[in-house]
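Both complexes below contain chain A, partnered by chain B and then by chain C.
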Partner chain A sequence: MSADTVVIGAGLAGLTCALRLAEGGRKVAVVAAGAGSLHLGGATIDILGYDPGVVASPAAVLGPFIRAHPEHPYAQVPPSLWAGALEWLRARCEPLPLMGSMDQNLMLPTAAGALKPSAFAPESVAAGDLSTGGKVALVSFSALKDFYPKLAAANLNRAQPGSAERIEARAIELLGTVAGEADPGTLRLARAFEEAPFRAEVIARLEGRIEPGERVGFPAVLGLYRNPEVVAELAERIGAAVFEIPTLPPSVPGMRLHALLSRALKKARGRVVLGAPVVSSASYNGRLQSVSTDTGARRSSHEARHFVVATGGVSAGGVTLDSSWAFKESALDLPLDGVPPPGTERFCPDVFGSHPASQVGVAVDEEWRPLDAGGRVVYDNVRVCGATLAGAEPHREKSGNGISLVTGYAVADAILRS
Partner chain B sequence: MKTVEAEVLVIGGGATGAGVLRDVCMRGYEGLLVERSDLAMGTSGRFHGLLHSGGRYAVKDPSSAKECMDENRVLRRIAADCIEDTSGYFVTTEKDDPSYSDLFIDGCLKTGIPVEEVSVSAALAAEPRLSPRISRVLQVPDAAVDAWKTVWGCVRSAQDHGGRALPYHKVTGILREDDRVLGAVAEDRAGDEVHIRAGFTINASGAWAASIASLAGCEGITILPGRGIMIAMGHRLVDTVINRCQMPTDGDILVPIRTVSVIGTTDEEASDPDDLAILQEEVDQMLDDGETLVPGFKQARALRVWAGVRPLFKDSKAEASSTRDVSRSHKLVDHRERDGVDGFLTITGGKFTTFRRMAEDTVDAMCAQLKGERACHTHEEPLPDSEERTYYTLGSRLSAREEALHDEQIICECELIGRRALENAMQRRGSFDLDDIRRTLRLGMGPCQGGFCIYRSAGILHSLQSMDAGTATTSLKDFLQERWKGLHPILYGDGLRQAKLDDWIFQGLLDVEHLPGRAGIKKAGGEKA
Partner chain C sequence: MTTDIRASLDHCVKCTICETYCPVSAATPLFPGPKYVGPQAERFRSAGAPGSSGSVDESLDYCSGCGICSQVCPQGVKIAEINARARARMKAQRGVPLRDRIIARPSASARFATPVAPLANRALASPVLRYLAEALMGVHRKAPLPRFASRTFQTRQRRHSSADSSLPTSAKVVYFHGCGVNFFEPRLGEMAVAVLERNGFEVIVPPQDCCGLPLQSNGLFSDARAYVQRLASNLAPYARAGIPIVSTSTSCSLMLKREAHEILGEDSEDLAVVSEQMYDICELLAGLLGRGELDTRFQPVSLTIPYHAPCQQRGHGIGSPALDLLELIPGLEVIEQDAQCCGIAGTYGLKKEKYDIAMAVGRPLFESISELGASLAACDSETCRWQIAHATGVPVVHPIELLHRAYVGEQ
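Right after this comes the complex of A and B.
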């Protein structure tokens, strides 16, 4: 198979890059080892949440942050590109509107009752913003084991955002089985919410239980693909604003965003092959010629003019560490940067600490091409984006999808210019 | 200040202390046990889980071997529900001296350990992951034993006989009047002092026994902590205990226990029994040793590494002071004979397998000092849940789970823990420490290392115990930190990837690291109601 660009990885970085290239008229193929890591996260676009204290405005902090962290992927992104990348995603997310801004982080309640700073979030999630306080009732089902509204509400009542407005949170637990099941997962519930009789039952059980001025928070299971309609109906019939809180993986909002971007990509004539890990590659004269994927049934070779590595970091399998303590970039065996020297600490004893090994990734030049230890470009026609890049701690900084979006966008930009 | 009274005070909540408490209570004394943290938190909860046949000592230490085999038989009778009857192989690998196996057979025959030769092909058929380069296989009645279940079983049995146990009560002083010990002073988890007045005090604090003895003014005892590391691999790489057929050394035993396989161990003299640091070289050595037994061992997921300390006894009042006096079999110190102090015994050393026998010897000595012989029955009466004398199997939880498949939430998928079992354990323990629940049920001990079940458990605990959110949050964060201690030195491969996914969940999704906990909370725990 031959394409203009082969993108390896179907997370936010890979899909962003591929979709933008396809929209630019390039023939694009996405090959991914798994189903794409958007399924794991809450679909919020976190730009920068902590530095190390809580960040109120990413726009205000980004400049100093980049100066303090010149190795961070954000430092490679031309400042002029940011607005375009964000507007681009906003437009693609029109069916599931993306709310928020670079100027002020939303403070979104988590399933544990923390307030997580996120710059952007799908409308149904952003509606839970508590940056200026408010009264919320968190509704869940006792049968759903992945969301505990009592704990979340109790923690929210302790976590005041610092404004004059207070948070008043309480829990409403709907007891019993869901659709006859004692142990339904989030996905099962999301499908149940797409059924009118189930919605009617939930609405009836909430009747008279919502106080004036209260917003009603649900675990993020309000419909799988018909989310806006489900949310609108619930809001109207309950008579209150309704929002969603992301749950443990698999994350329904993440699945919605993945489906939205994949559909757009297919519409733009991009190809997506999931369950196809890259197992080998061929290069000639400093250029990558092809990559081979293995779907278990057979091997396929993919030739292209450009290749993009968007395989994610350690959690997504883009970077591995073996039992002899060797780090490896899993798709093309690219050189890795930030590897702790042998005999030094890889992970520190504090679980939430800054671990030396967590910034391991691929270092790139200003064209996003991988560099070796001597600063030389490894392949002229390979570019790297997302969590595979060195120099970030996305979970600590709350920058995961932000890095994926802007670097995925920037890599597409570089390829379109070339 | 609170005052508690008992006829006999037992200091130390490991297997020895729990065994002593049970024995004391079964002989009709009113017993009370105090433990500085949770039960089986010291050496007993930190070994590989081998119920010795005695094979490991058959050549080197025949009397220990015989004692192990005797107690192996007793525990199979009284604690079957804590035992998986895995059997054990002693295999001669390419790195072992082939002549040792004849010595081994000879040693087994002399010490009464049933030993049988198994053909290499039959052994490989039974254990296909075992190295095909082995040249000889000898089978003995080794087994796997769940230490936490055994220790709790002893305490529950003692409670049935009127005994009490107080976890999270740290002894800070010994009450002594003239030449007589009259109990101890302990500090509970709130930091309050508890005076325990007792007619007789038994120091069963294992590796910590010297400092307790010294609180009573009995000096000159040294316990050399022999530190050893173990690694739990996230699969049943073998279903039979595998020993290298050689003089016992490092990394020569692999024990299948519950859902994991544990490789052990090393032996380094430590200076402090609480120093449980893990060294990189030890981890590497242990993984290499695993390869010798099971090729491809290093590709399996390493789940957790920990260190335990064996108490090795040394007494400066004994004639010679060289380390040759240090013995691995247990030591009972009668402080009346040694120091002229009445009402005080120290029991230390020994092995998990022989804890019941150690308890029997100790309580016999106590009875002798009290001049009132009472017969021991601990070898006759089964522990709670072991009445039917059936061993547990790897599939026990799965078969129980299958019966309730559609009726109940499963909270910990890795260890197949349903919501009812979790809530029962939480209620029974009355503890707000999820780590206590972990040891009771194996919560969060499977491949995901708590990634999914710990948020759920915190939510359930919070709602069940009507506790405040700060305490529940502290419990959640403490669990993650505690788990990380055993994880970070062995993070590679899928284990690392899992840890990063968990990181994504707890930091990226839930932002728990910024949730305030409860201020000034101590390591929590609960007295059994």
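Right after this comes the complex of A and C.
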């Protein structure tokens, strides 16, 4: 198979890059070991949530943050590109509008009842913003094991946002089976909410149980792709604002965002090959010529003028770490930056703290091309984006999807310009 | 390799991506989903040899074997393959219905039906007989069954000879037509041969029987092994001579490429060499295109057609070569469908207890095709074509038929 650009990886970074290239008229093929991580996350676009305290306004903090972290992927993004990247995603998300801004982080309740600073979120999730407090009733089903409204409400009552306005949260648990099932997952519930009789039953069970001035929060299962209609109907019939809280995987908001991007990619004549891990590559004279994927009987070769590595970091398998503490970039064996020297402490007490290995990734030049330890470009026609890049701590900064979006967009920009 | 398939379940991180893609669990609660039935339940089944007992539960039988879970798993867990093996163990314990033994042997049924094709087709179209077949055998009365051709592709091909047998080996291909072409769609085989010849190939059609895939997917592993071993040894001499083997059946070619190895655990040298030379016909032609060797003198075909890449085609991991080829045809607008699966999964949707599930699985695809109002659709896999045509009333062709039409000009 030959294409203008082969993008390795099908998460937010890879799909953003591939879609933008396909829309720009390039012939694009996405090859990936499997589906990307969009289905696992809440589809919020976190730009910068902590530095190290809670960030109120990403726009105000980003400049100083970049100056303090010159190795961070954000430092490589031309300032002029930010607005374009965000507008681009907003336009792609039009059927399920993306709300929020760079000026003010939303404070979104999580399934555990913490508050998460996110710059952008799907409309139904953003409607749960508690940055200025408010009264919320969290509704869920006793049959759903992945969401405990009592736990979430109790924690929210403790997690005050710091403003004068307070959060008052309480739980409403709907007992019994759901659509005839004793043990439904979020996916089954989301499908049930697409059916009018099920919605009517839920509405009837909430009759008279919502207090004036309360917003009603559900786990994010309010329909799959018909989410706006489902939310609107519930809000109208319940007589209160309705919002969704992203759950444990499978994450329905993540599935919705994935569907928007992958359908747009198909429409733009982009190709996607899943179940095809890159197992070898061929290069000549500093240029990558092809990557080969494992297809069972024999290897399948993909030639292209440009290649993009968007395979994710350690958690997604884009960077692997073995028990001897050896790191490896899994697709092309690119040099890795930020690898802790032998003897470095391997374990840290704080799960969300800084870890010596948390910034491991591929270092790139201003054109997003991989660099070796001496700062030389490894391949002229390879670019890297998303969590594979060195220098970030997304789990700590709350910057994961932000990095994937803007670097995926910026890499496409670099290819379209070349 | 056989142990690797099962061992792959240890890579499952419970991310649930397979659950979000599974078209069957989206359509019926009878199938709890690939993660539960696959890597999770497998831990509770006996790790012993096939036939050993274990807590294999009935929901496993509702897996259609489409293979999407294995394709989307980011951790490389062979979910569908694990399920296929577990189903074989379950069927060995609990017995295999006569129906499954019959519908899993298309070439054996055809041996009786082909000589009396008009009669057989009339019988298959008779509501009374279909009602009886459902009641007595469990083949759903509405399930899409193909019509037998009165002369097999092998018979029709006997008089045909590819132009020049003095051509070098590099210009020879073996055509593996499979049962679909041989007994039901011989015209497709003739078009495939014509398209290959148009591109300078001498096409060899050796005698061949079923690849055993329907037996494998119905859990009849030892019978499936016998078929695939026989086929592999028939085709191996050509493969050893470096001659590519091309197929118009994406599921049968996938069987030879890797399923016989990964699911049945077949590891004969014959199969290995055949696997390596096995090509989907669009894959082979797109390869020619990539090297600038494809004859691209196409006549316009003024049509807008929906194209569905079947699950088994996607299982090849070769991208969408049919789309690469069809976009070369002037006037032809191809709309790639976004739906996962048509539901039929070979023989799954023929079964009385599964017909409605299969139709529900395919509904998004059927609706999308119907909404386009197209007069024709394209799909690489035979049973999928029959299912889509049955559900939508829109005739469905193999992409090769469109290429053939573009080569000869519209009549």
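Convention: the second predicted complex is superposed on the first by the 411 of 418 C-alpha atoms of A that agree within 3 Å, B and C clash if a C-alpha of one lies under 4 Å from a C-alpha of the other, contacts with A are read in each partner's own complex, and residues count from 1 in each chain.
Convention: a residue touches a chain if its C-beta (ideal position, glycine included) is under 8 Å from a C-beta of that chain, and two chains touch if they have at least 3 such contacts.
Since the model is a prediction, treat every value here as computed from it, not as a measurement.
Student: Based on the superposed arrangement around chain A, label chain B with chain C as either clash or fit.
Tutor: Overlaying the two structures gives chain B and chain C room side by side.
Student: Output check: A:G317 vs chain B and chain C. Expected answer is one of first, second, both, neither. What do you get?
Tutor: Both: A:G317 reaches chain B and chain C.
Student: Counting only touches as set out at the top, which of chain B and chain C does A:L151 meet: first, second, both, neither?
Tutor: first
Student: Under the stated touch criterion, which partner chain does A:G84 make contact with: chain B (first), chain C (second), both, or neither?
Tutor: In the superposed model, A:G84 contacts neither chain B nor chain C.
Student: Looking at the overlay, does A:P249 come into contact with chain B only (first), chain C only (second), both, or neither?
Tutor: In the superposition, A:P249 touches chain B and chain C alike.
Student: Which holds for A:V273: it touches chain B only (first), chain C only (second), both, or neither?
Tutor: Second partner only, chain C.
Student: For A:A143, using the defined touch cut-off, is the partner it touches chain B, chain C, both, or neither? Pick first, second, both or neither.
Tutor: The answer is first: A:A143 touches chain B but not chain C.
Student: To make sure I follow: the centres are taken over C-alpha atoms, the vertex is chain A, the ends are chain B and chain C. What is that angle to the nearest 10 degrees?
Tutor: 90
Student: Between chain B and chain C, point out the one touching more chain A residues.
Tutor: Of chain B and chain C, more residues of chain A lie in contact with B.
Student: Quick check for you: in the superposed arrangement, does A:K116 touch first (chain B), second (chain C), both or neither?
Tutor: So A:K116 only meets chain B here.
Student: Quick one: is A:A182 in contact with chain B, with chain C, with both, or with neither? Answer first, second, both or neither.
Tutor: So A:A182 only meets chain B here.
Student: Per the contact definition in the header, classify A:G239: touching chain B only (first), chain C only (second), both, or neither.
Tutor: neither
Student: Could you state the shortest Cα distance, in Å, between chain B and chain C after the structures are superposed?
Tutor: 6
Student: Need the overlap of the two footprints on chain A, from chain B and from chain C, as residue ranges.
Tutor: Looking at chain A, the two contact sets intersect at 40, 181, 249, 317.
Student: Can you tell me which positions in chain B touch chain A when the two form their complex?
Tutor: Against chain A, the touching part of chain B is residues 280, 287, 298-299, 302, 406-411, 419, 452, 455-456, 458-460, 462-463, 468-470, 472-473, 476, 480-481, 483-485, 488, 491-493, 496-497, 500-501, 503-505, 507-516.
Student: In their shared complex, at which residues does chain A touch chain B?
Tutor: 40-42, 46, 49-50, 54, 110-116, 143, 145-148, 150-151, 154-155, 157-159, 181-183, 246, 248-249, 251, 313-315, 317, 320-325, 343, 346-352, 355, 394-396, 398, 400
Student: Report the residues of chain C in contact with chain A in the complex, numbered from low to high.
Tutor: Against chain A, chain C makes touches at 14-17, 19-21, 26, 29, 33, 70-76, 256-258, 261-262, 275-276, 278, 286, 290, 314-321, 323-324, 327, 336, 338.
Student: Touching chain C in the complex: which residues of chain A?
Tutor: Listed in rising order, the residues are 1-2, 29, 32-37, 39-40, 180-181, 185, 187-188, 191, 249-250, 255, 262-263, 266, 269, 271, 273-277, 293-298, 300, 302-303, 316-317.
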